[in-house]
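Take a look at the structures listed below.
Shared between the two complexes below is chain A, which has chain B as its partner in the first and chain C in the second.
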Partner chain A sequence: MPKVTIDGHTIEVPDGTTILQAARMIMDKGEGNGENIAPPTMCYYSKLKTSGGYCRTCIVKVSKGSEKDPRPMPKPVASCRTNVMDGMEVQNITSPELLEARKGVVEFLLINHPLDCPICDQAGECHLQDLGYEHGLAKTRYDFKRRTFNLIDIGPYIKLHMTRCIMCFRCIKVADQITNHRYQGMLFRGDASEISTYIEKAIDNDFSGNVIDVCPVGALTDRTFRFKSRVWFTKPMDAHRNCTKCSGKVALWLKDNEVLRVTSRKDKWGEAEEWICNECRFEKKDIKDWVIEGPRHIDRHSVISANHYESLAQLKLDIGKQQKQLNGKS
Partner chain B sequence: MGRKLLIHNDKVPNIHTLEVYRQNGGYASVEKALKTMTPEAVVEEVKKSGLRGRGGAGFPTGMKWSFLAKPPGVERYLVCNADESEPGTFKDRYLMEKIPHALIEGMITSSYALGAKTSYIYIRGEYFYVARILETAIEEAYAAGLLGKNILGTDFSHDCYVQVGAGAYICGEETALLESLEGKRGNPRIKPPFPAIAGLYGCPTVVNNVETIAAVCPIINMGGDEYAKIGIGRSTGTKLISASGHINKPGTYEIELGIPVEEFIYSDEYCGGIINGRKLKAVVAGGSSVPVLPAELILKTDKGEPRLMTYESLSEGGFISGTMLGSGGFIVYDETTSIVKNLYTFARFYHHESCGQCSPCREGTGWMEKILHRIIEGHGKPSDIDLLWDIQRKIEGNTICPLGDAAAWPVASAIRHFRKEFEAYINHPEKIKDAMPII
Partner chain C sequence: MQALTNRSKVVAKKEMTFIEKLYLPAIFSGMIITFKHFFRRKPTIKYPEQIRPFSGVYRGQHVLKRDEIGAERCTACGLCAVACPAEAITMTSAERKPGEEGLYREEKYAATYEINMLRCIFCGDCEDACPKEAIFLTDRKVDSLYTRKEFVYGKNILVESKENPISLVKRQTPQVKEFKHHVEFAHNQTYDKQKKVKNSSH
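== the complex of A and B ==
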């Protein structure tokens, strides 16, 4: 079992673990001294094979290659795609020049992004927003026209807004690995490249909706939810139903008793815990379809992180339970 | 006259035919290797020769070959990188066009050394007519028993194919080349794994430049030790240089590594001096990606020693005062050249050729092009120079493949050595707008 030290925290990990996974393990163990030493990720997704390596936000500095070959690596490496070697020493937030390089990557991701957060459904749970707050500049240095694309409907449920896309390739991997047929891909090249369902072919598949969950920005949005509400005005609830296609375990986003949106449950790294089917996601918008388990804690640091609804929702549930008990007694 | 090992026969009539090529000593290395040497011995000779990759990176070929994984029962491949797309480089085209059998011979000998039953020549789309020449040569070789089953009556069988690409610069990057060869979109792979472990179709693969493979023939013929005597230090043998720009005699030259840069530019044997007797302004020594150097630094190092045409001498001083031998695309600028306009041409090229996979290169190359365009149009801002510097610094080293570095280095070196010219463009656009671009 190789031992790796990331920003001064040493951990022993199984063979084949990447630097990023090791950093997340350190954070999961509650170490890190209150600092987040797990590199940010925009394209890596632990549930998707061959994801990662593209966005370059997770780059780290390897100051010691391994016990056998202690030479430092000459360039920053993508932590999501680099395996840990025994004795490796990695610098993430402790290296100023690395943070500077990451700042550059964030700037590159933002120069052609429309920054239309005020009208974007993803705002409030957007990974690019988080990344911008943490690593970005307050002002842009880019004063040219930004690239734009036309909106594309991918079937009746999904809207593709390429202008916002940061080319993380997660949706392509979903289409490749989770759905039966690959309809998505990349067209053109360089900064003209775009994600496309070739000749705008609708993705007709029970699990196609998961592309919305994996999208780190607002490039793929749920047409049944578009412009219904800001996410921070909705209340996430864990809920489930008996579904023949998927586990049926979802997060409902409620406004009063109205189900505005159904998504998969996301873990603390913003990744779906389980893929859910389109029927659960798009068609079960009645609260009676679901068994509510309770309020969902959102482990994220953007505007919905305050969980301001959480205590209130819990209170309501508790009152409900007490009332039921009282009713049962009388 | 320096020794020539690769293109010494290029003026012989009909040297592109197998008959004439064999009359001039062709395929001797195949005879020697297959009949008298073990594959390990061939690799050993190449190691001894000190041959370094001629495609640009200059990695020792023998070492690259010895890294090739050899799991039993798994196919191994040799792939020849004939996707010569570096601006300013045309040496491989010259070699393949004039003496196609030199490459085929190298392919057979190298494949024997590596134990590859199949090899591919991946050639860029723009060289379609060269692909035809190669295909004719391969047919001739099959007919003569030099390719196919039991070559020259030995146990070694080998097939060689030519694959034409669609003409993307990025497909010269070895993993993008392999993706393209497999029929996929030519995007560089994320390494590791390196091709020596998992390359073409997931099998161990060696990717070598055309000139590297062709150089294996003289190495086997004369012996690695003898080959290593040519050149200086770790730069052994001969190298093809594509000379272009403001010189009297542009063309492909074979040089012994180690001749002074000054001799290469001014002697009648090579470039023949600057055109119209003008003054030398700057040189891009190894294809558009390498740093541009002003006349005083290309002729002499910052220590005042004459700069030589070797991997080490050209890179002496790092990128502060040095450059790279690269692929040997030697572009000479005279005093009328506008470095800024020329840089814009390069920046436009890299922007156009970026594959779009990773963010720094996809976004940064376009941004640099736009700023440079603004500057040469006379709308530059004083802050643009520092901005350009900062962008290139944030692209370099942070990308998946070296295209990001290739796009950043010319910008960095132009600003480092010709900052005054940028300032002139920005402060007095009217005075300088007629400056002539070279390409």
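== the complex of A and C ==
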């Protein structure tokens, strides 16, 4: 059982744990002194095998390699792909030069990103927006033409904005691991690379909609929700239904009593808790199809928490329950 | 009863003197004050005919601007509505169809855009929040109307007409313009430029 110290917090983890997982374990234990010491991730997704290693946002500084070999690693390492060693010491937010390096990574991710957030449906829950806000520069230094693509409809439900893609490979991993057959992939190389389906072939697998949830930016979006509303004007609610294909546990995004969008429930790392099927996601847009459990918890730093009265709604639910009990007694 | 404080005064009802009983001197001194006011400068103005000058930063009725070619700048991003402290703004968005490039600047546009002028407090936060320089407050006053419904201004009132663009010269001082052309706001311009060279090499 190797022992690793990240930003001064020591934890003992099983063999084969990566630095990123160890950092998340520390945060899960409630340590971290109120600071988020888990490195941000754009391509790593704990539910997808072999994901990670592309985006470089999770880089950390290893100031001590291990107990046996205490030399520091010569350059920042990708924490999602580096396993911990016994006695390893890692610096994430405590190292100013690392934050500077991460700023450079964010700048590179944003080089071809169109910054069309006012139009993009992902705005408000976009990981790249958060990353740019927390780690990026306020202005761009890039003078050249950004690359642009035509929009592609992947089947009747999914829209691909290749212009916004940051090449994280998550959607490809989903198609490889969750669905039984994959049609889309990476075409071309380097700066010219793009996610595409050959001859824009429709993905008709039952779980293909999950590529929308794993996409960290607005490259893959829900066509049934396209331009319907801004995310922060909708009310997220936990709901479930009996589904033969998936667990049926979803998050509904409501406006009044209208179901605008159905997504999987995201955990605190922004990852889907359970994959949901296309029927739940795209076809059940009537509130009567769902059993509403209550309002979803939204982090107060998120713009979605504006006008999202979790406690008030909870209060109403509680009062309703009490009244039912009282009525049952009398 | 003993007084709590020693501020109280005993008022004696005293007989009026002969001059006071005449009343006329008091009437005349009062009339002098009245006549003096005839020759003073009037503090009021004849409002509908005469209008006071507005301050350059006066915040009145909103306008939704069009761009250089006359396309609507608003892209229904909802940032004005989320910034609005009075929750006066609502909108729905729609997707631009091919061929409507001259009407709307971006691929998404506001199908409806409503400001409730009774709720609006004219704080100008919507103007600050707008990333597309679409909404501005102008030096126009909101008209008085008869019903509450009429105060919900839709796009027919808010969007400026192509023939009579609303001048923002007073608000858009050279200093403001220079600030907005700062390199930090350059992404708006580059995006416009990009759009013109659509569908490039790939």
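General remarks:
Here, the second predicted complex is superposed on the first by the 306 of 330 C-alpha atoms of A that agree within 3 Å, B and C clash if a C-alpha of one lies under 4 Å from a C-alpha of the other, contacts with A are read in each partner's own complex, and residues count from 1 in each chain.
One rule holds for everything that comes next: contacts are C-beta pairs under 8 Å (C-beta built on N, C-alpha and C of every residue); 3 or more make two chains touch, one makes a residue touch a chain.
As the structure is a computational prediction, the values presented were derived from the model and not from experiment.
When the shared chain is aligned, chain B comes close enough to touch A:I111, but chain C does not.
Looking at the shared chain after the overlay, A:D318 reaches neither chain B nor chain C. Once chain A of one complex is fitted onto chain A of the other, the partner contacts of A:D153 are absent, as it touches neither chain B nor chain C.
Looking at the shared chain after the overlay, A:D191 reaches chain B, while chain C stays out of its contact range. By the touch criterion defined above, A:R226 lies against chain C but remains apart from chain B after alignment on the C-alpha atoms of chain A. Once the two structures are superposed, chain B and chain C can be ranked by residues of chain A touched, with B on top.
In the superposition on chain A, A:A78 makes contact with chain B only, not with chain C.
When the shared chain is aligned, chain B comes close enough to touch A:R56, but chain C does not. Residue overlap on chain A between its contacts with chain B in one complex and with chain C in the other: 192.
Within the complex, the chain B residues that touch chain A are 168, 170, 185, 190, 192, 351-360, 362-367, 370, 387, 390-391, 393-395, 397-400.
Chain C makes touch with chain A in their complex at residues 75-79, 81-82, 92-95, 106-108, 131-132, 183-184, 186-187, 190-191, 193-194, 197-202. Of all residues in chain A, those touching chain C in their complex are 114-119, 123, 138-140, 145-150, 192, 194, 226-230, 232-233, 303, 306.
Within the complex formed with chain B, the residues of chain A that make contact are 52-57, 59, 74-76, 78, 81, 83, 101, 103-105, 107-109, 111-112, 141-142, 144, 166-167, 169, 186, 188-193.
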